[in-house]
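Two complexes, one shared chain (chain A), two partners (chain B, chain C).
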Partner chain A sequence: MTFVARTWNRLTIPGRVLLGLFLLGGLLTGALIALIIFSEPILELLGANLPLVRFVGAATVVLLMTIPTAFLIIYMEMKIIALMNLRLGPDRVGPFGSLLSVVHGLKVLMKEDFTPTGADAPVFTLAPVVTYLASVMTLLVIPFAPGLFGQDMNIALLYFFAISGLGVVGLLMGGWSSFNKYSLLGGLRSAAQVISYEVPLVLSVVGLLILAGTMSLNQLVLNQAGWFTDWYIWQQPLGFLIFFIAATAEANRTPFDLTEADSEIVAGFATEYSGMRFGFFFFAEYVNVFIVSALTVTLFFGGWNAPFPFPEIALAFDPGSLGIALLILVAVVPVVGTLILAMPFYLLRSSMPFWQALVIGFVLFNIVAVAAVLGWAFVSLEWVAGLLWFMLKTYTFVFIFVWMRGTLPRVRIDQLMGFAWKWLLPASLLNLFVTAGAVVLVRELGA
Partner chain B sequence: MPRSLLNIGAPLLIVGALVSLPVGLAFLGVIRFNEDLLFFLLAEVMLLSGLLVVTMRDIIRCGLAMIVCFGALAGIYVIAGAPLVAAAQVLIYIGAISVLILFAIMLTQTKDAPASLVFQTQALGAAVASVILALIVVITVAATDWGELGTRLHTATDALAQVLFRDYVLAFEVVSVLLLAAVIGGVYVAKREEGGPP
Partner chain C sequence: MTATSSRPSADDPRITLDQELGIFEPVPPYPPRTEREAEFYTLGDGQMFINMGPQHPSTHGVLRLVLKLEGEQVVDLDPVVGYLHRGVEKLCENADYHHTISQVDPLEYISALFNEWAPVMAYEKLLDVEVPRRAEYIRVLSAELNRIASHALFMGWMALDLGGLTPILWSFIERDEIVEMLGALTGQRMLFNYFRIGGVNGDLNHDFMSRLGDWMTRATDQIEANLTLLNTNEIFVRRMRGLGTIDGQTALQMCWTGPNLRATGLPFDIRRAHPFSVYQELDFDIPTRIEGDCLARYLLRLDEIKQSLRIIDQCLHRMPDGPIMAKLPRLIRPRPGRAYAAVESPRGQYAAYAISDGTDQPFRLRIHDPSFIHLQSVGQLVQGQLIADTMAVMASLDPVMGGVDK
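Right after this comes the complex of A and B.
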């Protein structure tokens, strides 16, 4: 053991990196060889456990998806709030400062990962993981487009509420293990807040479930197909209002971000966190904004349905029918397109050198080509159109969340708790009883 | 370096031991590969975390181990074909009850004065009681003729609702009234003031 430690200490930093790479490469090669040798039993095992494999695959995809989503929402928030405050906002890194959130991510990665003295180290480390995991796993059941979802569960909505309730365990763990009174206060606040708001959140959806008769999110979206008047928002306006308020509190967003109220308790549960562990909390918050918006859209705004029956457009020709000509076309069209688009600039402005005109032409051609491909995909692939509508609606709600953060002041903790129990809970019960009564009445009158 | 190696190595060792035991059993043919492997993994996690709940010193960590235990139990419910029960388990036991327990512990305990845990002073009695309980459960399970129920059934949500709210609605309502009475009693006990009615 000491020999290994001494050798390791003598190595230079590039040497350590190289050694690590060698070890990693050796391990991967070994794993690959083992995989090839045992490929048949492994494939058999995977085939026998197909639901499990599908679950793990979907979880991985969803995990990877959260990173660009969080970056995008962080950038949106910086830029939109800046515009609302009559500031410029980020404008240095990348076009319109759009790469600033990437720089934020790198910065968080490079910072010192600090554990305070007296902290409960394992719990302190696991807390952000639990919070992040809870956010990510809820994405599994969100139907993004026809056929594009992790799992179509019979009890998807219940699963969603159950898993999203786990996030508070992470906040409590972080608050307790930081060994800091501000952190503890933040953790306690988050526990009280989430438990209180979970009750109206779940009750506000029960009315909708009575109408729909299913808890599968996919089926709920299918029920809302057609015109935008078929969306559940028109049948459940009060339910939507309660759901939206309670979901804002569940996601710890302004005006209910009492858990990290910086004017009162420094940064709440995140006070002692630095580096990537803080980054996980930060990411989880923005992923939560996306998830809450996505669930609102799925439940009340028709999910991936277009707001009107989209006219069926048949394409004039099928690109696959061209055969070998398609290959030639793919080879020729970019060159010709670039030249044609570059020509006007070169001919009309004598001061412009040819290469500059070519660059302009190339960029223009790319824009046209991407637009054409997207248009073709929108018309001919159902899931592309669905995804586009879903993202459009979801990011509208993300914008509303950012807007609320830019305009609304934070409430007080006693007002927050009183509001949940004295107003939201009775209102959601009223919504439930009225909906149930209406359903029974309609059934009696119809029969 | 050795310290950090220990920090990474010890959890890896534990996870490796947890995984390799059922996989080894499966290769030996003691348990069936596809159906029982996951069950054994979850059962191991559940038993281990359950043991940690009663043996660890730090009461917050005990609470967290209890959450892991409940989570593993929810996984077993999923394997048994009752995803609704599993979701309810996670929603209520982890999301509400455990969080409430942790909340209460954090409000009442201070970190620099670790309380001696009451169940650690009664270890002998607890061990005897748990062995007797385990014996009763084993005898009951073995004595029951499971028959059709033994095959994995997949409980649909609406079927469960039909049974719960139509066939057994009286029992359901009695239980809810009991819970309501408990809540009111709890509030009454907590609100009792000095000099008031006992």
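Right after this comes the complex of A and C.
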């Protein structure tokens, strides 16, 4: 062991990197060889359990997806609220400060993971996990694009509400086990709030379910294909309003962010949390914003459907038909493109040295190439176009959530509960009865 | 409570303290000194204490509020002050008269010019000095600017305590502009040390006047526009209306002054009731409101900003020429005696009571601070309200802990 340690210490830094890369390459090669040798039984095993494989794959992808999503939304919130406040916002790490939330993520990882004396340690540790998993698991049923979803359940909507309701258990656990009165107040507030708003939230989509006749989110999106007038928002405007307000309360966002009202109860249920345990709560909140926006889009705004039927552009050009010429193109086009794009800068600006022009040309060529590849994918791959439309709509709603946070003050707890039970619940019942009556009437008249 | 872990942590209080482990109750460690204390620190059925502060996101400095809660409802409240006590009055007794001006500066640090004004006026009464008229106009001009800065900050804090993030930064635009302006005039942005016994430290300069001219052309519109975000916001108005209501009689009994008193309908303003400086020559209204709730206190300050702008306008038009300092010896030894002077600060009656024993140091300088007076009514105002309202009521009274704790 001492020999290994001594050898390692004698290496220079590039030497250590090279050695690491060498070992990694060896491992990967070995794994590849093993895969090739045992490919047949592995493929057989996977093929026999395809639904399970698909589920595990989807769960992994969804779990990994939450982190960049949370980073992006946290950055959006910091930057957009800063601009609304006439501040600059983050501008140090990365271009326009866009890597700041990554640094935040690293920061929470490195902070001390502290359990206060007197806290109920197992429950205290488990609470963020429950909250985070609840939001991750709801992502499984959201259809991001045609063919791009975790699981197409026939009761997807029911599953969604059931699992998202689990999140409050985590908040309550955190509030109860922290051994802190602010946490306790925050936890109880969140329980009262989420349970109250669950009722109008679920009732507001029942009207839509009567219209659609299905609970599968995938089928709901397919029902809304065509022009944007086919979206359910036009048939269920009141349902959408109730759903959006109740969803804001479900996601604990301003003006309903009473569970972590910083001017009243410090940080609510998260007062005693630090380090990555707090990070899980933090991530879960922003993932919840994404999920709520995604569900709003799926239910009322046509999901991944384009707002109008896109004209079919058939690409006559198939790159595969070029054969060996494709290889030559791949080798030649970047060089020629960089030179062509660099030329104007070099020729028109006498003070610019050639290498600077080349760098500009290279960057421009990359932008053009990425745009071309994306354009090709958008036209010829259905799921790319669908994903693009879905994300565009979803992030519009994320922006609205951030906008509300920057604008509105917080409501009081009695106003919050009164609003849910006195206004939203009757309104959602009215929406339900009117929709049901209209459906029956249309069916009677049609028959 | 007996969470035993195999690896003892340095943060475990059992290692350093040999007291029984338990949740920290804010009950004082000594036997109750008064009947009120004995009654407050006895918990009823289903009640609990909660400690707000001295480290809390929204207690306006280092105020500690002990809340007696029943669920979310505040049964009783006990403000505990003294965390920012610096012994300013005692320091003043050991400083010469000129030094005391800089000692009292950081009391109400949001509106420091008024802190200087009251003792300076008291000393002038002791000395029987006549302040040059130009100096008086400059004092009124700068003090009214400071009042606008203070009120602008109040509006932002009010919104922040109700959970709005943006208004505080929007109101800081105006405050920052004024503070920069006063910085150009006095040399400092916050603790000005500008007023002198018998005048002011420096004359109006070009930097100040050009900034003021720029700002005055757009001030009214800009302040109105900045506050549309709040004044017509349904959530904001609903939370503030009818909250912390107090009638004029009770407010008088609790010794309220300033905007908080005027929000109950009593037009009491030192600038009119006991005119000082050149306020008698200036034309301005005393805005009042009759509701006496948080919304009235908030809107009243908006009206006061407009009146202050009127006063500044008149000051600029009537500013006479002349000296800015009275002729005084460098070492001041007033005759033995006592003098009282009060000014209308953005928070109410700010007064100084100076006793001279004939030496060059004041024998005693007593500062009367309105924030302290207003703070003692918080308990009455929030009884039966919710936790969230405690912060709203606190913010609407606009206390500055520097002045409360002295």
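Operating definition for what follows: the second predicted complex is superposed on the first by the 397 of 447 C-alpha atoms of A that agree within 3 Å, B and C clash if a C-alpha of one lies under 4 Å from a C-alpha of the other, contacts with A are read in each partner's own complex, and residues count from 1 in each chain.
Here is the rule we go by: a residue touches a chain if its C-beta (ideal position, glycine included) is under 8 Å from a C-beta of that chain, and two chains touch if they have at least 3 such contacts.
Please read all numbers here as calculations on a predicted model, not as lab measurements.
In the superposed model, A:Val169 makes contact with chain B only, not with chain C.
Contacts of A:Pro255 after superposition on the shared chain: chain C is touched, whereas chain B is not.
Contacts of A:Ala119 after superposition: chain C is touched, whereas chain B is not reached. Of the two partner chains placed by the overlay, chain B and chain C both lie in contact with A:Phe179. In the superposition on chain A, contact of A:Met215 is made with chain B only, not with chain C. Looking at the shared chain after the overlay, A:Pro409 reaches chain C, while chain B stays out of its contact range. Shared interface residues of chain A, touching chain B in one complex and chain C in the other, are 118, 120, 179.
Contacts from chain B toward chain A in the complex involve residues 1-2, 33-34, 38, 58, 60-61, 64, 67, 83-84, 87-88, 90-91, 94-96, 98-100, 102-103, 106-107, 111, 156-157.
Residues 1, 5, 8-9, 45, 48-49, 52, 118, 120, 123, 153-155, 158-159, 161-163, 165-166, 168-169, 172-173, 175-177, 179, 184, 187-188, 191-192, 194-195, 198, 215 of chain A are the ones that touch chain B when the two sit in their complex.
For chain C in complex with chain A, the residues that touch the partner chain are 1, 3, 5, 11-14, 21-23, 48, 50, 56-58, 72, 159-166, 169-170, 173, 229-230, 233, 235-236, 238-239, 386-391. Residues 81, 84-87, 114-115, 117-121, 179, 181-182, 185, 189, 254-255, 257-258, 261-266, 405-415 of chain A are the ones that touch chain C when the two sit in their complex.
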